[in-house]
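In what comes next, chain A is part of two complexes: it sits with chain B in the first one and with chain C in the second one.
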Partner chain A sequence: MKVKNNVIINMYLRMKRIREFETKAMNLFAEGSIPGFVHLYLGEEAVATGVCANLDDKDYITSTHRGHGHIIAKGGSLNEMMAELFGKEAGYCKGKGGSMHIADATKGILGANGIVGAGHNIAVGAGLSAQYQKSGQVCVCFFGDASTNQGTFHEALNLASIWKLPIVFVCENNLYGISMSQTRHQAIKDIADRGVAYNVPGVAVDGNDVFAVYEAADEAIKRARDGQGPTLIECKTYRHRGHFEGDAGAYKPKEEQEFWMQKDPLPRIEKYMIDNKVVTPEELEKLKAQVMGEIDEAIKFANESPYPELASAVQDIYSDIVEEGRVR
Partner chain B sequence: MASIGIIANPASGKDIRRLVSHATVVDNNEKVNILKRIILAAQTHGIMDFYIMPDTYQMGYAVIDSLETRRELKANIHVMDMSITGSMRDTKRAAEEMEALGVGCIIVLGGDGTSRAAAKGIKETPLLPISTGTNNVYPQMIEGTIAGIAAAMVAKMDIPHASCMRDKRIEVYKNGELADIALIDAVLSSSAVVGAKAIWDVDEMDMLFTTRCHPASIGFSSIAGYMRIVRPEEDLGVMLDLKSETHRVLAPIAAGVITELTVGEPKEIALNQTVEMKMDSNGVVALDGEREIIFREGDVLGFKITREGPYRVKVSETLERALEEGIFSK
Partner chain C sequence: MKTMTYGEAIREGMRMKMQEDPNVYILGEDVGAFGGCFGVTAGLFDEFGPDRVRDTPISEGVIIGCAVGSSATGLRPIAELMFIDFLTVGMDQLVNQAAKMRYMFGGKINVPMVVRLPGGAGVQAAAQHSQSLEAWLTHVPGLKVVFPSTPQDALGLMLSAVEDDNPVMYVEHKALYALKGEVNDIKPIPLGVGDIKREGNDLTIIATGKMVHEALAAAETLAKEGYDVEVLDPRTLFPLDKDLIRQSVEKTHKVLIATEETKRGGYGGEISAIISEEMFDSLDAPIVRIGALDTPIPFSPMLESYVIPNAKDIVHAVKENF
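Let's look at the complex of A and B:
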């Protein structure tokens, strides 16, 4: 497959944004600047990027508790994300949702989600709406390996298949469900195999190679737009950090970590870009500097935003309809 | 005491060709089933030691667990003590170690790519490839039970190569150095990335080299196979310009995908003759259907067909020979 240079550079920028955003979030969390929980996407950048590079703003994604990467890859605002992590009023959820509830309807981002497996069925709803309205939209559902043991995964694949919904199910198999190795939580190795039970084509790809993900997603999204129904893509990847910040990840063998660090997606795409003269080394440094500038700007934006007013703590909890009903 | 080695590729049967064609899906539990059938058949014919490549799905242990639970296991199954990389390197290394252990036959479960990886690790050991992959010209669709019996016969033969065929291979050289091999076909492609590895877009293919071609084959070698036949026994190969517009040919390049192509005249390549070409742009060489060798503008690629491929077990001939020797009547 030929991938245009501007697409490659765009994918690199997205991956680098995720890498630097997450690295900064890691450090800020350690310093105590970020309240709540953060689950970092470090190491998995190629998955969200390779998939979302094939999508438009009007296409939907559903995300997970480890959602920063999906949101950045889909074009979410770094400023509003960082402000949300800081609990500031200028954040995506006015500072009241934190890391796991970021959504952006203008970008088709249907929300990060603290409940494992909750995105599957939201994706089916989004896919059904796209099909019903003949809008040409596609919904990509991101989820982890362990969530495929939830009933929602099976219900979603079944419905999506029987109704031929325009959905791409993208499994980020990072080998662990929290701290439990995949070998201990399911009696299969390839989650792609689970598609067969629902007559959904399942393919497994190297999730740390952005081009492999891009190609598979390209084909799957074409199928979805063409009315051929859902696809299951399993991306084999690895999270560099623990399940959440604070989890030292002692259950991950050292050799395994070293093996996967050699497959780190960022150096791979950088090497490709240099080797294939997509950019010169100087241009690559400029791209890196551009991203670092964006991250610094996001932190500045977050720092300068006020905390939400105390009175707003009970606002946005219930819809206005309910509030109005109570008044009546 | 004769022993058998078994390599089952846990990644075969699930690549992107399930999306871009209608390729067979083979899950790993079915591969475990095939392993069981091989072992039960071969142990009945006196093979008491089996060496199995370790893999990420731990198929070897699944076989032991199942057969011991059913009290059917008489032989010793050794899951080899080697680290796993989860890549093609595991297959090559397991094959090397099996040859060093002196196994009488190596059974390989996978597609053309898996056989290719195993072939890179061995020199003398007979190879019996079973298809659990995608485009399968090299491995056969064969029942595991029969493969197990045939492998047992080969392992016990005084002359292990008696019912084997020494296959051809394509040696691919990059700037004078042997870069890799293919057993069936090598395709020169203008694809810029290795990406999802499998290759399917004929518009990106420039040149085909093949060790054999036949209209009963699937995959890229079939493009030449719908113009002429070159059999495994013949000491020659074929190259075909896929950018030329001399002939039109309809060929089954993938499962359920029959494509019309315009191509040049198939040219014979004699055994041990090297075809060299200087590349005028970047690209990738796909070996047995998978993008493997990245080349850059200015690199010189060489393609040589030799008879240095593996000794492949001819299953029917092996069993016929055993029958003639009265082995099954004892």
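Let's look at the complex of A and C:
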């Protein structure tokens, strides 16, 4: 498949944004600027990027607890994301959601999600909306390998298949459900095989090769838009960090880590771009500098935003009711 | 004026909203040509077709989840769970998704969905098909909960529930489906507005769902013995019409709360606590609560009627305490 240079550069920028955003988030968490939990997408950049490069703003995605990469790939604002991680007023959710609950309706991002497997069923609803309103939209449902052991996976693929909903189920098989390796949490190797049970085509691709992901997603998304129903894409990838920051990942064998670092998607796309003269080395450096500037700007934006007013804690629960506050 | 059954009134409410708004649709188990387990959606499939009255597999998680995802993207689903007891299977989608999304996302996504939840005992459906789980729902910020007791309220509350931009849990008592009543107003009843079902001066009985009828029957009996009982039906459990409760308590100074749920941890306890905290000065006697015994609902008719509360229990409690 021939991918146009501007598409490649655009994908590279998104992957680099994810890489640098997550690296900064890692450091900021370590120094205490970001409270709570953060689950980093480092190492999996090619998956969200290769898929979302095929989507428009109006298309939907559902995301996971490891959602930063999906949101950046779908075009989310780095400023509002970083401010949300900081718990600031200018964050995507006004500081009410944090890392695990970032959403942007204007970009079709139906939310990161703290419940493993919850996005599957929400994606069915978004897919139904698109089909019902004949809007031509598709919904991409991102999820991890371990979530395919939840009942929601079964319920959602079954219903999406019988209703022929325009959904692409994208499994990021990063080999671990928290500390439990795939070999221990399920008795299959290829999650794509699970599609057979629902009469849903299942394909497994190298999730660290952004072109392989792009191509598989292109075909699945066309199929979905064409009314032929859902596809299950399994992207084999690896998370560089632990499940969350603070988890040292001691359960990941050293040889395994070394093997996967050889397949790191960022150097791969950079090498491809240079080898194929998509950009010159100087242009590549400029792109890197551009991304670093964007990330620095996002951190500045987050730092400068105030914390939310306490009164906002009782707002936004309902569209029309503000709950009682507390006098202190 | 029109006479309808409670079940027909629920259906009429749904039909009116579906005629008005093409984005309103129904989904659930056997809600299509079959007409629903209790016949509540009968005829709607013929009128609106398979796209708008959608049979789903037996998958409560995805029924609620599909309602969440489609309501967040522009539709107005009415999901039917065959029994409120099956909420357990879809609880994550309701509690962690539907109820939380608006807040977690900073108020930027609305989830305008209705979940119909047939609850209550009295039809020998035993422990997994007879529960009154309203308190699970009122406990969750982000959900609204209605519980109509009459055909008039069933219609008016359905119209409001579908119009509401938030997740509304529409609890219906399955023993009331055949109850006939006059429906004088074909218009929405605002959520959070209670109703005095019988006026009285000596004592307020706050009752929900089928217990409203038990309270009315008890009030008739008690009238013969000189008690002038007021029966207050909140109709909406959240938001709760505290103003109406206050007005009634300030008049009667005595309160009995009658709900069919197991008493331990029930919503009746919440109402009682609100009155104690906010209206204590108006009370002349301790609040009395009537609920089901703290057991699962047994099957055998004699056992079931022993466990769930009825008019006699209310009469007895009034005489004993007031």
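Methods note: the second predicted complex is superposed on the first by the 319 of 328 C-alpha atoms of A that agree within 3 Å, B and C clash if a C-alpha of one lies under 4 Å from a C-alpha of the other, contacts with A are read in each partner's own complex, and residues count from 1 in each chain.
The working rule: a residue touches a chain if its C-beta (ideal position, glycine included) is under 8 Å from a C-beta of that chain, and two chains touch if they have at least 3 such contacts.
Source: prediction; values computed, not measured.
Aligning the two structures on chain A places chain B and chain C next to each other without any clash.
Contacts of A:D316 after superposition: chain C is touched, whereas chain B is not reached.
Within the superposed three-chain model, A:V196 lies in touch with chain B and out of touch with chain C [touch as defined at top]. Comparing chain B with chain C, more residues of chain A are touched by C. In the superposed model, A:Y92 makes contact with chain C only, not with chain B. Geometry note, superposition on chain A: angle between chain B and chain C about the Cα centre of chain A is 120 degrees, to the nearest 10. After the two structures are overlaid on chain A, the closest C-alpha atoms of chain B and chain C sit 26 Å apart.
Residues 10-11, 14-16, 18-20, 25, 27-29, 56-58, 83, 85-86, 190-197, 201, 204, 282, 296 of chain B are the ones that touch chain A when the two sit in their complex.
Only residues 1-3, 183, 188-190, 192-193, 196, 201-206, 209, 211-212, 214-216, 219-220, 223, 231, 236, 255, 259, 272, 275-276 of chain A touch chain B when the two sit together in their complex. Per the touch definition, chain A reaches chain C in the complex via residues 60, 62, 91-97, 101, 103-105, 110-111, 113-115, 118, 120-130, 132-133, 139, 151-152, 155-156, 158-159, 162, 315-321, 323.
The touching residues of chain C, counted against chain A in their complex, run 23, 25, 51, 56-57, 59, 61-62, 64-75, 77, 92-93, 96-97, 101-110, 141-142, 144, 164-166, 239.
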